[in-house]
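Input: one structure, supplied below.
Lettered A, B, C, D and E in written order, each chain numbered from 1.
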Amino acid sequence: MHIGQKRVHKTKINIIDYNAETFDEKPVDKVEQCFPFKDRPMVTWINVEGVGDTGIIEKLGQCFGIHPLILEDIVNTNQRPKLEDSGSYLYIVLKMINYKKGENLTVEQVSLILGENFVISFQEGLEGDVFDTIRDYLRQHKGRIREMGADYLIYSMLDAIVDNYFAVIENFENRMELIEEALVADPRPHTLRAIHILKRESIVLRKSVWPLREVINSLERRESPLIKEPTQIYLRDVYDHAIQIIDNIETTRDILSGMTDIYLSSINMRLNEVMKFLTIFMAVFIPITFIASVYGMNFKFMPELYWPWGYYTVLGVMATIAASLMAYFKSKKWW
Amino acid sequence: MHIGQKRVHKTKINIIDYNAETFDEKPVDKVEQCFPFKDRPMVTWINVEGVGDTGIIEKLGQCFGIHPLILEDIVNTNQRPKLEDSGSYLYIVLKMINYKKGENLTVEQVSLILGENFVISFQEGLEGDVFDTIRDYLRQHKGRIREMGADYLIYSMLDAIVDNYFAVIENFENRMELIEEALVADPRPHTLRAIHILKRESIVLRKSVWPLREVINSLERRESPLIKEPTQIYLRDVYDHAIQIIDNIETTRDILSGMTDIYLSSINMRLNEVMKFLTIFMAVFIPITFIASVYGMNFKFMPELYWPWGYYTVLGVMATIAASLMAYFKSKKWW
Amino acid sequence: MHIGQKRVHKTKINIIDYNAETFDEKPVDKVEQCFPFKDRPMVTWINVEGVGDTGIIEKLGQCFGIHPLILEDIVNTNQRPKLEDSGSYLYIVLKMINYKKGENLTVEQVSLILGENFVISFQEGLEGDVFDTIRDYLRQHKGRIREMGADYLIYSMLDAIVDNYFAVIENFENRMELIEEALVADPRPHTLRAIHILKRESIVLRKSVWPLREVINSLERRESPLIKEPTQIYLRDVYDHAIQIIDNIETTRDILSGMTDIYLSSINMRLNEVMKFLTIFMAVFIPITFIASVYGMNFKFMPELYWPWGYYTVLGVMATIAASLMAYFKSKKWW
Amino acid sequence: MHIGQKRVHKTKINIIDYNAETFDEKPVDKVEQCFPFKDRPMVTWINVEGVGDTGIIEKLGQCFGIHPLILEDIVNTNQRPKLEDSGSYLYIVLKMINYKKGENLTVEQVSLILGENFVISFQEGLEGDVFDTIRDYLRQHKGRIREMGADYLIYSMLDAIVDNYFAVIENFENRMELIEEALVADPRPHTLRAIHILKRESIVLRKSVWPLREVINSLERRESPLIKEPTQIYLRDVYDHAIQIIDNIETTRDILSGMTDIYLSSINMRLNEVMKFLTIFMAVFIPITFIASVYGMNFKFMPELYWPWGYYTVLGVMATIAASLMAYFKSKKWW
Amino acid sequence: MHIGQKRVHKTKINIIDYNAETFDEKPVDKVEQCFPFKDRPMVTWINVEGVGDTGIIEKLGQCFGIHPLILEDIVNTNQRPKLEDSGSYLYIVLKMINYKKGENLTVEQVSLILGENFVISFQEGLEGDVFDTIRDYLRQHKGRIREMGADYLIYSMLDAIVDNYFAVIENFENRMELIEEALVADPRPHTLRAIHILKRESIVLRKSVWPLREVINSLERRESPLIKEPTQIYLRDVYDHAIQIIDNIETTRDILSGMTDIYLSSINMRLNEVMKFLTIFMAVFIPITFIASVYGMNFKFMPELYWPWGYYTVLGVMATIAASLMAYFKSKKWW
């Protein structure tokens, strides 16, 4: 098995085994403990956190009959979301997105294997997931999940991941609105940088969610016997949610590109303001400074210099010129 | 039933029950009063305003056999417009758009359930709707609506909602024209902000209307026995209107993006004007101020200072320089 | 019948009735005079100018068996171009575009009804149309039009309308070229406004012509018995023309958006030029004015002031500095 | 026959008649001389240069049974590239592009008629064509062309025209590179104008080549008995070339739009440079000029004026201020 | 055989001949040495480096029955990636991309011929390739490649080429990030030029990779008996990788276009800063210089000049004015 990055993380395996009557949950130390669950009639959910230890994944794959190329895809965590149908099982790749630790957007790959009566989920990271609600429903026998098969479990997991996107987009939109306010109040270079970061995040979101639409759609329409008919209406519901999220992402992209325009024109506006101020200031002082220079000349024969009221007259002329210019600028709305 | 936002508003229910001969209209206090209407041969229109009280909606859903996922969609008011066919009834989601209270664009979700001989409509808000004309036609037996079935009632409601979009777009276009005039006369930052608000509103409009096209189209072509053949030509008409509205929205988007260009270039133009003014002003005064400074120097041996007409000669030279420069700028069309 | 705008204009009706042998043309005062023509074996063309008088149109519609929804579309003149096939007749909506009175683009709706042996055309306005060539061909028995049926008449009308678009686009392109020259010679705010007006007109043109393509295409491929086989090759020809017009409109849009860029950069260029002039001017005068100021100081002990050639030396230094700076700017190509 | 522009040019007709054994080539004075070639078993290529004389074309059309609408298209030289199959012959419209006389892009329409054993080609202009290689191959019995039928001749002509596009695009790309270098070295308004001209030319190229793809594709896939099976693989080859040309045109468009950005930012950069220079210059001189002005005041009681080293001290202070300011600007990297 | 550029390079031929049991590898001097391998049951890989010597390629083509048009495509190295199925063999064109020698992106054409039991690969250049891993696997009997047929060898070569794209894109993204940092720290004209170069490279990448998707897809779905069923799942894997690469290229294009915006606004921001500095500087000195000029006037009757504290008062007034102006600018956040 040829793998891109050999990151040997710890791997945590957890098994949940249930049907309408019984429920069993336990962490697993050795991957071999999973093998007996393969052929039991109950629904088995094997959750693997951390895909760095390729040995464990290889063993699990051999036991459950998973193709080596799919095992490679599980370990290489830069796959696009996709669905593959190998007849005896379905393989689904998804992206789980979170704003963990402060404001960084983290993208984590989740691979799901749906067999006749088992689901195996592989998570890239060890920091937890969005499936806690599902575990609660299973433990406390809430909703219909315990009555349904492995396909309903897959639906629940898809639903949990897609619902989490709504939370991510809400966070995204909140930050976008904060920046939008800053844009009008006080545009600065870091505002533009923030817009740029949002744009990059929206690209990441888009890349994660766009292919999802195709995945869920082909899951819903597939004639695979692994997806039972009562589950299809639920998949349709998840499909609608995915479309909605794509819609929202496209909308944020439109708004973000409008924000760049506003930023640039605010900057321009400010420059304009500064230039007008400077122009008015200089235009008022330059002519009166010129007059002062004229009467600073040392010509012997300058009659005005000997007029008794010459000085005051010149001061008056200067004041008149300054006042007229200011009135002119006022009339031109430069001020 | 799992719901996004638990907003417990008041809920108002109103029932209209009619056929060609009889007509009955009454408000309903308890949701149970609606149940007897389910199996009557007359057409029944149950209008529910306010979807905050999930208990009532759940009861109504159980009585009329509506799937829990659809009830969820009715209560979650951020659905995209869509059509779902569950065999015994059709479920349609639409957006009702209004400029209520001043200039704010409000979007309200309307869910319609079309059964064999009933229509149930759920409105997000309590502030009234665009269906008053339909009620008048029903009460006063105008047009053909009393002769037709529940599918014609659904058509009438779609038509009322789509016709209302025309009013919204007209309002939108009027505001756009006002801003366009302001753009030429006196561009200011708030003009750009107004353009940005219009852009966001056009995004909202687009999001509400684009999927509508698909909804009405699949309604028209559907072989569901719930849509009778004589109603299809009317649906085709509504479809044409929806296409026209989409056309208009796309046009406004094109025009809005042109307006941003005009704004930016107007700002640039103004800066240009200010800079030209400043340049002319300074270019005229700087050389003559220099001459004045020269004759302000205190050298002992400066023959010009002792010429009898030196002062007047210098003033004349200054006037000549200033006039030549102004003529030069005039010739360059800077002025 | 429910109509958007109730504009009661005068309505003019004109009837042309022909076959290969006979030809009859007369204006009609009362709409009832049209009715006998319905079942005659000759081809009848009823041309209605002005659609404000809904009574007349309703009567005509009833006589010729036209659906009320189509009558509504005829009277509401903001339809998109479209084709509707109701079995016994075809309904076609088109836009007739003109540069009437000076430079204003006027868009006028033309509705055509094609029956077995009649054509009814409804024109929005009263100011004439583009069908005069067709009338001449009919009157003077030119071409094959008198030998052919009503479908060939419809083709001739489509062809006349589409040919007129070529004239409109030629006018459009001429104005575009005038503006393009102005752009290079002397860009001014009204130039940009002219570009913006052209952009809006190109949007209007596009809206009118794009759907036309679909209309003619489905007309050509339709199995409606109303379109005879020999006419289809002519429709194919009109289709090619429509495609060509769409091509031309798209091209003008591309060119127009390039023109905005040129405008903005010309403005920028001019600002640059002004700034360079100002900079050179100030940079030459500021240092020599500084020198003059230095020798304008009143210190008692300034030996240069008492040099016999001090004044001339300083003037020489000033000239040298000014010349060096100008040479420097020349070398930097600022000048 | 109704024709757009009645340009009566001279028309030159040339006939080539060949099979594997014999070859005959002669210019023709009267169009009637072409008629006997119609029914001969050899392949006949009638080449008509100049389409201004509609009489000749009409006669030729009647003899070879070509539909009047197609004759109109031959004479109207603003057709889009297209293919029409009338059963007994195929009609192909193409654009031949050249950089004739200096740098002007000339577009010339070529119409081809492919019959069972003849090809008629109509060229818009009289200035020669790209078919000389084909004539040489025919005359000298090179390649397989003399062994093959009229369909292979058509292929050769398509191939010659498409190969010529490569030459045109290479010329185009060379000019684009020259401008790109000028853009970096010394951006001027005429550089932008050159970019604009290239953009317009790329629009013309695109308009000529895009539809070609469809033409060749439908030619290749058509079941017309006029295209024999061994020729189809050659058509596939031409198709690949057409796709490649379209690819190249799209690439040039991308690059051209990037060049406008570079131009604008170069202009901005220059303005920045000029402004920085001005700012540094003024900021250095303004404070020291102020100091000079202070000591130019005529107050009676200014002790500094009477200091023996006052003048030199002030000069020193001025030099210190100027040096500090220059160091400050250096540290800010404005210099 | 008609070829675009006649470049007579040296040509190196290498043969690998293997099955599960035996392995033979040898360089070949004369092309005729390849011919015996054609009909042997073992898998033969003939690798031809350098396609300048058309004689050799023609001989090889004749021996293996390859169509002359395909031989032309092999020699003309500006083909788009494509797949051609001629029944007895498949012809695949690909682009091998490298950052050889410093930072230049080199694109090299690789042509692959897949026959029943042979693969012929033609490489444009002589500088080596990305197939060394495959040779190692073959030599050392690693993996399953020795057990599989010629189609698996083709898959391995596609896989090697596509995997190499990942390396190229990683290099590309690293450089993009370096530029992005420079953009924020210190934007300069060469930064923009670097962005422009990246854009052009991304266009080249795109042109090479986009058609690849189609090639691999049609290879995977093709019913050609040359592709055995067990190889198809591997092709599906390569297809997924190609999609991923296309995704990444699109993302870099989005980011690059955002970077141009940031560059332009940084430049604008800097201009703003310079202008503010200049404005503050001038606005502080101009009024106090004016005051100094006033008291430099030579009027006989200026009482202030004779006040004992006149000089110090004026200095104080000047300091007050300068301080107030600076406080004002501080309050306006210009500083």
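To be clear about the criterion, a contact is a pair of C-beta atoms (placed from the backbone, for glycine too) under 8 Å apart; a residue touches a chain by one contact, two chains touch by 3 or more.
Just so you know, these numbers come straight off a predicted model, no measurement behind them.
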| item | value |
| --- | --- |
| Required steps from chain A to chain E (each step between touching chains, minimum) | 1 |
| Chain copies touching (chain C, chain D) - same or different residues, decided at half shared | different |
| Interchain centroid distance [CA atoms averaged], chain B/chain E, Å | 43 |
| Gap in Å, rounded to a whole number, between the CA centres of chain E and chain D | 26 |
| Residues of chain E engaged with two or more neighbouring chains | 264, 268, 271, 275, 278, 282, 286, 289, 293, 296-298, 302 |
| Overall pattern in which the protein chains touch one another (line/ring/star/complete/other) | ring |
| Complex interface listing, chain C residues touching chain D | 184, 233-234, 236-237, 240, 243-244, 247, 251, 254-255, 258, 261-262, 264-266, 268-269, 271-272, 275-276, 278-279, 282-283, 286-287, 289-290, 293-294, 296-302, 333-334 |
| Interfacial residue positions of chain C with respect to chain B in the complex | 67, 69, 72-73, 78-80, 82, 84, 186, 189, 192-193, 196, 199-200, 203, 207, 260, 263-264, 267-268, 270-271, 274-275, 277-278, 281-282, 285-286, 288-289, 292-293, 295-298, 302, 304-311, 314-315 |
